[in-house]
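Here it is: the structure, laid out below.
A, B, C, D, E and F are the chain letters, set down in written order, and residue numbers restart from 1 in every chain.
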Amino acid sequence: MSESVCVFVVDDEALVLLTIEHAMEDGGFDHKTVLSAEDALTLLEKEGETCRALVTDVNLGGKLTGWDVARSAREQLPTLPVVYVTGDSAHEWAAHGVPNSVLISKPFVAAQIVNAVAGLLNTEPSLSAAS
Amino acid sequence: MSESVCVFVVDDEALVLLTIEHAMEDGGFDHKTVLSAEDALTLLEKEGETCRALVTDVNLGGKLTGWDVARSAREQLPTLPVVYVTGDSAHEWAAHGVPNSVLISKPFVAAQIVNAVAGLLNTEPSLSAAS
Amino acid sequence: MSESVCVFVVDDEALVLLTIEHAMEDGGFDHKTVLSAEDALTLLEKEGETCRALVTDVNLGGKLTGWDVARSAREQLPTLPVVYVTGDSAHEWAAHGVPNSVLISKPFVAAQIVNAVAGLLNTEPSLSAAS
Amino acid sequence: MSESVCVFVVDDEALVLLTIEHAMEDGGFDHKTVLSAEDALTLLEKEGETCRALVTDVNLGGKLTGWDVARSAREQLPTLPVVYVTGDSAHEWAAHGVPNSVLISKPFVAAQIVNAVAGLLNTEPSLSAAS
Amino acid sequence: MSESVCVFVVDDEALVLLTIEHAMEDGGFDHKTVLSAEDALTLLEKEGETCRALVTDVNLGGKLTGWDVARSAREQLPTLPVVYVTGDSAHEWAAHGVPNSVLISKPFVAAQIVNAVAGLLNTEPSLSAAS
Amino acid sequence: MSESVCVFVVDDEALVLLTIEHAMEDGGFDHKTVLSAEDALTLLEKEGETCRALVTDVNLGGKLTGWDVARSAREQLPTLPVVYVTGDSAHEWAAHGVPNSVLISKPFVAAQIVNAVAGLLNTEPSLSAAS
């Protein structure tokens, strides 16, 4: 059990990042953090094989959104657990989210992030077991 | 009960269309059929308010795909039940499908289409009941 | 397989009843039909042990509603599959429906009723298997 | 993220309350606690708009039960996550619980309460996203 | 769509077989039928690659049961939809069934078999899409 | 609430055991630990009535595996929550796991174990409530 379970976190708001990173540490997860969609795509390209789950804000302050990041990540890693956090884009999830993802509306608490990531990881084995 | 439940069907292959339309009639559904993504978008714009579910092929022979049609439909109708049928694009669903959708791989039978549309319609009330 | 699977149907509108009864027959189910909540309670008391599923309209034209019928039925038969059909009471389901029930909004088609009843019956064995 | 996520807790047993409140704090939730069904209804009337989830004991020592509290809460807040805790009323849930609720039997641990509340909150966005 | 969707059916009771085969044909499925667990294993070995779903009675009148048939089938085809039908072995499912299977208790109707097979096939694409 | 919720843990690797035991304590669970399948069967026979959930490694270094332990446990306790952890046997779950179980692949974190056990315990009441 020396290996870790690494979650990629994408957010451009310092306070939300703190909550998410604290939640990840509390749950026992490692995390790699980036502040923009562009950096997220670079991280996925370079170190995607270490990514076990993605937590991304939807609005990332640039042209690309969390919807774009998740779609790129799923093209590379089709079974990747995806969790979106959002202040005001929940209504777009039905059209722009990926299947089998969880959307968490702000304000949220640490337990919701941990519950979402752990829950999606725990349902993944049925997929890999069956592939 | 004079009103009908109308399903929009989008497919460019005559034989698949026949199977889907036959399935819809068997299940008691009305349907409106178009042969391209472009016609689907026009139909949604003109008569979207009559649409209770969408069944779309993924590869539609043009630039736009079934992934695009479903995303547009969900922007207009966020709770719309969406069923994709596909011969060889199942691997793209994890990145390009909409949440709470069903993907059916060819070859398929009538009962699968009816089951998917009826099942999604039957879980929709929890949404409208809660909204 | 000479035994039958009997569904209790409660509705005071002749046309809706016709659709439901036709759907039940199509699916291979037997059915016993009553036109009021009061008759439903009497039927449950007398022949409840033959009831494998309940399909009830919500508004039954009297003091008692389909919400009441389902609650009484579940007190007697805790694992009974329950399907509500309703024209305009969908918004009350979140407060007045029973757990693990399905609500179908009018207009609906035969396939939705059959899908709901068969689907609930098929998830029941996990209950009895575990009891 | 200065806003909090507030859970209403209803219980008349001091020791159970302690476990629930401790669990809520551990998970990062705020909570407002009342000791009776009557006080719960008053709290919902006055401050219902701040309520993000309800955790209620079933037997509350008075005429009204947790079943009644949850039904009232859902009439006011149709998408409210509801968690029941109970020592000996689990068999009544099938008839008296609200849909999409979780029932936890005593004895239970903190992680079960946090898992139930966080899990129900995390599935709520699909509702609001689609409404 | 000239290809068919073939379901393997295993049952040693003529009347139950008739109901299942009739249900399969009604739903649009092809089927291959065998009367014993031993013949089922031979069929899987010879023509397993044509099998899209398995419907098996639990008690098959010999040493091997439907539990054994399903386990063998899943070793060969890990994502295979599995439906058990049984008169009196429902209580064994929790220990001897395979994950993501459906158990249908006798007496049952055609719609339950079709619903179970179609429903499991329709959730399979998420697996293959993600593999 | 002086009673505890006891989880049986079966693992022959000291480091994995440490992670699981730490997770259980963090979540508020009591646990009884054994290092082999044989000891697990003895523990179930002697103290099975105190067991509220089972967490077992699949490969236990002997003839019997975690698949065997879970099957025996479910024969005795049909509603028992079962969680498997495994390094390289995930592909066998589809054929050898019990229904309604969770499989967690190594490496994993504490939050996944707690989420799996708490989640399965929280869905169990619907079973007992309906039995």
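By our rule, contacts are C-beta pairs under 8 Å (C-beta built on N, C-alpha and C of every residue); 3 or more make two chains touch, one makes a residue touch a chain.
Protein identities per chain, from UniProt: A, B, C, D, E, F = Response regulator.
Being a predicted model, the structure only gives us computed values, none of them experimental.
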Next item on the list: Report the chain whose mean Cα position is at the greatest distance from that of chain B (Response regulator).
Entry: F
Next item on the list: Over half of interface residue numbers shared between chain C (Response regulator) and chain E (Response regulator) means same, under half means different, so which is it?
Entry: different
Next item on the list: Identify the chain pair with more contacting C-beta pairs: A-B or D-F.
Entry: D-F
Next item on the list: Could you grab the centroid distance between chain D (Response regulator) and chain E (Response regulator)? Build each centroid from C-alpha atoms only and quote it in angstrom.
Entry: 41
Notebook entry, point to check: Between chain C (Response regulator) and chain F (Response regulator), what is the separation of their C-alpha centroids in Å?
Noted result: 38
Note to self: Taking the mean of the CA coordinates per chain, how far is chain B (Response regulator) from chain C (Response regulator) in Å?
What the structure shows: 28
Check: Hey, what residues on chain F (Response regulator) touch two or more of the other chains?
Finding: 78-79, 91, 93-94, 97, 99-100, 114-115, 119, 126, 128-130
Next item on the list: Provide the residue numbers of chain C (Response regulator) that touch chain D (Response regulator) in the complex, in ascending order.
Entry: 71-72, 74-75, 78-79, 91, 93-101
Notebook entry, point to check: If you look only at chain D (Response regulator), which of its residues touch chain F (Response regulator) in the complex?
Noted result: 15-16, 18-19, 23, 90-94, 97, 102-112, 114-116, 119
Check: Across the complex, what residues on chain C (Response regulator) touch chain E (Response regulator)?
Finding: 1-5, 26-29, 114-115, 117-119, 121-126, 128-130
